[in-house]
Each structure stands twice: as structure tokens, then as C-alpha cells.
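Labels run A, B, C and D following the written order; every chain starts at residue 1.
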Amino acid sequence: MSLINKQKQVDDWVQQFDPSYWPPLEKMARLTEEVGELAREINHRYGTKKKKDSEDKQEVADELIDILFTLICIANDEDINLEKAWQKMVEEKMQKRDINRWKKKDNFQK
Amino acid sequence: MSLINKQKQVDDWVQQFDPSYWPPLEKMARLTEEVGELAREINHRYGTKKKKDSEDKQEVADELIDILFTLICIANDEDINLEKAWQKMVEEKMQKRDINRWKKKDNFQK
Amino acid sequence: MSLINKQKQVDDWVQQFDPSYWPPLEKMARLTEEVGELAREINHRYGTKKKKDSEDKQEVADELIDILFTLICIANDEDINLEKAWQKMVEEKMQKRDINRWKKKDNFQK
Amino acid sequence: MSLINKQKQVDDWVQQFDPSYWPPLEKMARLTEEVGELAREINHRYGTKKKKDSEDKQEVADELIDILFTLICIANDEDINLEKAWQKMVEEKMQKRDINRWKKKDNFQK
């Protein structure tokens, strides 16, 4: 399922509610909250204060998706096509600005 | 293009480099940095300290994609399938936990 | 109690433990987590998804202090004197760069 | 200089301007932006993408203070006494909840 389909799926769902999208600065604060939850999981998984829980990877996945959901809400409310924006990033950064930004692997062949 | 394809596209690109993915806590810090850049744009666009610049919407789009790129790097390095994780969120949250979480529009009909 | 005294108080406390300070990128992730918790409280207090709880102001205070505690840990581990750094900011920003940055109140007299 | 004095110093300065404090969600977004800037410096200093710059420590200090300034603005606008809130944290967390939270150093004597 493409990002556009996900944007549509989220929009259909959000449009049920009144109000539908939260105001921009609230969505931003929500994103900050979700990123904080991911940070906690990453610290649990890789930091000094390790959790034993084997569920960590799923929790990381859940947090990533909560962030993605919030990104999509921001994009929808701004009428941003994420697929086009992704393509722009690929062309401008991955294929141009950053193409030699880091050391290449010795054996790398495209 | 699906999220899986984007995960593959990013992986092909990152695998050129040595080191390829940054360590988890560095990717996390990078995500925090990118979210901060989005916050600045959202404040420019909706806050008291408004910028005149008509480019703002594109800048919001660019920042969203930078965040998405970092999310995908985290997912790839953790071997997380974002498409499956999205589907889990849809089933557990959108279709179950949150289905009546907020006030529905009076005229809403599915 | 000055910031220097707080830095000393935190250092005395942290030095009990082994390891004492977490590595820098873990402290950074912890800060991100604490900022996310503040964002949640701010959204509860000022956003659409309002909580009724009258405890909110105390919770905001608690989150601010958790952030301050983490800032102090970062400063201590980097051997940064926050009092001097504050004074530098006052002189360079408050008294110089930003002195006319925003509209002054009509009736403002220093 | 105590935190209370810093709160007063910031308040005197902010009260010159019209509007004085930004709305809560804008201050929150500003905090997120400042934390992102610290994350960038921490990655520069400790991450794979190291900068050579010897100025890094000062930059970390500057970012910590920008965060502290924003915390103080949030506290002031909420009429929160940070000194009291700090003391509450010391009593409830440092002296109680967390007193045996981590492994003590073998040779630690209070």
C-alpha cells in the first residue's frame, strides 16, 4: 500500500471525528510525545538501563508507526503529497547532494 | 510505491556506505534533530513569529520526509517491516481501541 | 540555591552509582523522552484533548524539573559551568542580539 | 544566582515585548527545536559523523542554555516556582524513589 493510500486511509478515519485534525501546534506536540516514547524504547534496547523484555522490537515498531501516523496527519492537514515529497528528496538528496557524502564501501559496485 | 519498496530503496542506498547505518542512539539523536527542524517550520507557519515566506509548505514537506527517512533507517536496522507494523496499528488502534475515542461528526456515515 | 549548587548536588548523587553518568547519546535520548512527557502535559492542558485534572500544573512543573535534571547531567558530564553559560547568553542574546528583536510594549520603560 | 532570580530576570526581559510570552504550544515547539539543536551537537561530538571543531563544547553549553531559557519561559508563564519544584524532585526522587535505583559503587560511602 502506497503512502498516498495511507494518507487517504488516515483521512477517511480522521474525518469521522469532530474536530477532525487537531490544530498544527497540537499535532506537533503530539509528534514530540511520540518521538519521546521511541527514545525511551531505544534507550531500553541499547542503553545502560536495559530492559529484559523480548517485546522490545515490537515496541520499537509500534512507536515508529505512531510517529508515522502523526506525520501523515500533519501532511494531510497541510495538503502535502508525501509520495511527491519523497521523490523530491530522492532526487535532490539521495541521488545528488549526498551521493558522495560518506565513505563508500571498498567493494561497493552499483 | 509501498513502504516496503521505500525501505528497500533506502537500504540499497545506505549499504553503499561504510559504516552503513549509524548506531541506534545516533539515529535517535538524528531523529530528534529532524523533529526540531519541523517544529521550527510549524512555528514559522502557525506561530507568533511568522515568516512571510511562501515556501513554508514545501519546507514542512521536506522536514516530514527527512523524519520519514530517519524512521525508515531505524526500521531497516532493526529489521522491522513497516507495512506489517502499520497494518497492526490499523487493526488494533484505528479499528478497535480508538474507534469511539473522539466525538463523531453528527452527519458522519461510513 | 544557584545552578552551580544544583550541578554539585546532582553530581554528588550520581557519583554514588556505577556507572555514574550515562553515555552522552543515552542522556540525549533520555532528554528527548522527558521533553515528550512535557509535550503530553502541555497538550493535556492547552490542547483539544483536554484533561479535567487539576493536577496538571504540578505535572508540568515535575516535567520541567525532569528536563532540568537531565540538562544538568549533560552539563556535569561535559564539565560545563551552567552559570557562566547563562551569563554568556544574557550578555550576547538578551542584552545584544535580541534586544530589539520583537515589538516593544508601547508603555515600556526600563 | 538562584533559579528564582533567573526566572525574574527572564520575566523582566520578556515583559518589554508585546506579545510577551508566546502561547504554550508555541513555547513547546520552540523547546522541541532547541532540543533538536542540542541533539545535532551531541551527534557531532560523539557520533559517527564527527566534526573537527574544537568549539563543540561551547556549542553544547549554548544549546543547554537555550533549552533552559525556554524552560524558564514555560515556568514563568505557568507561574511555576522552579526552586520549589526542584526541591520536591530532590525529596521525592533523589532521596526516596531512586535512592537504590541503580547499582552503587563498591567504595561509595556517604
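Here is the rule we go by: contacts are C-beta pairs under 8 Å (C-beta built on N, C-alpha and C of every residue); 3 or more make two chains touch, one makes a residue touch a chain.
Please read all numbers here as calculations on a predicted model, not as lab measurements.
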Chains touching both chain A and chain C, listed by label: B, D
Interchain centroid distance [CA atoms averaged], chain A/chain D, Å: 26
Between chain C and chain D, centroid-to-centroid distance (C-alpha), Å: 2
Contacts with two or more other chains, residues of chain B listed in rising order: 23, 25-26, 28-29, 32, 35, 39, 42-43, 47
Topology of the chain contact graph, where touching chains are joined (line, ring, star, complete, other): complete
List of chain C residues in touch with chain A within their complex: 19, 22-23, 26, 29-30, 32-37, 39-40, 42-43, 47-49
Complex contact set, residues of chain A against chain B: 1-3, 6, 9, 13, 15-18, 20, 23-25, 28, 31-32, 35, 38-39, 42-43, 45-47, 57, 60-62, 64-69, 71, 74-75, 78-80, 82-83, 85-86, 88-90, 94, 102-106, 108, 110
Of chain D, residues touching chain A in the complex: 23, 25-26, 28-29, 32
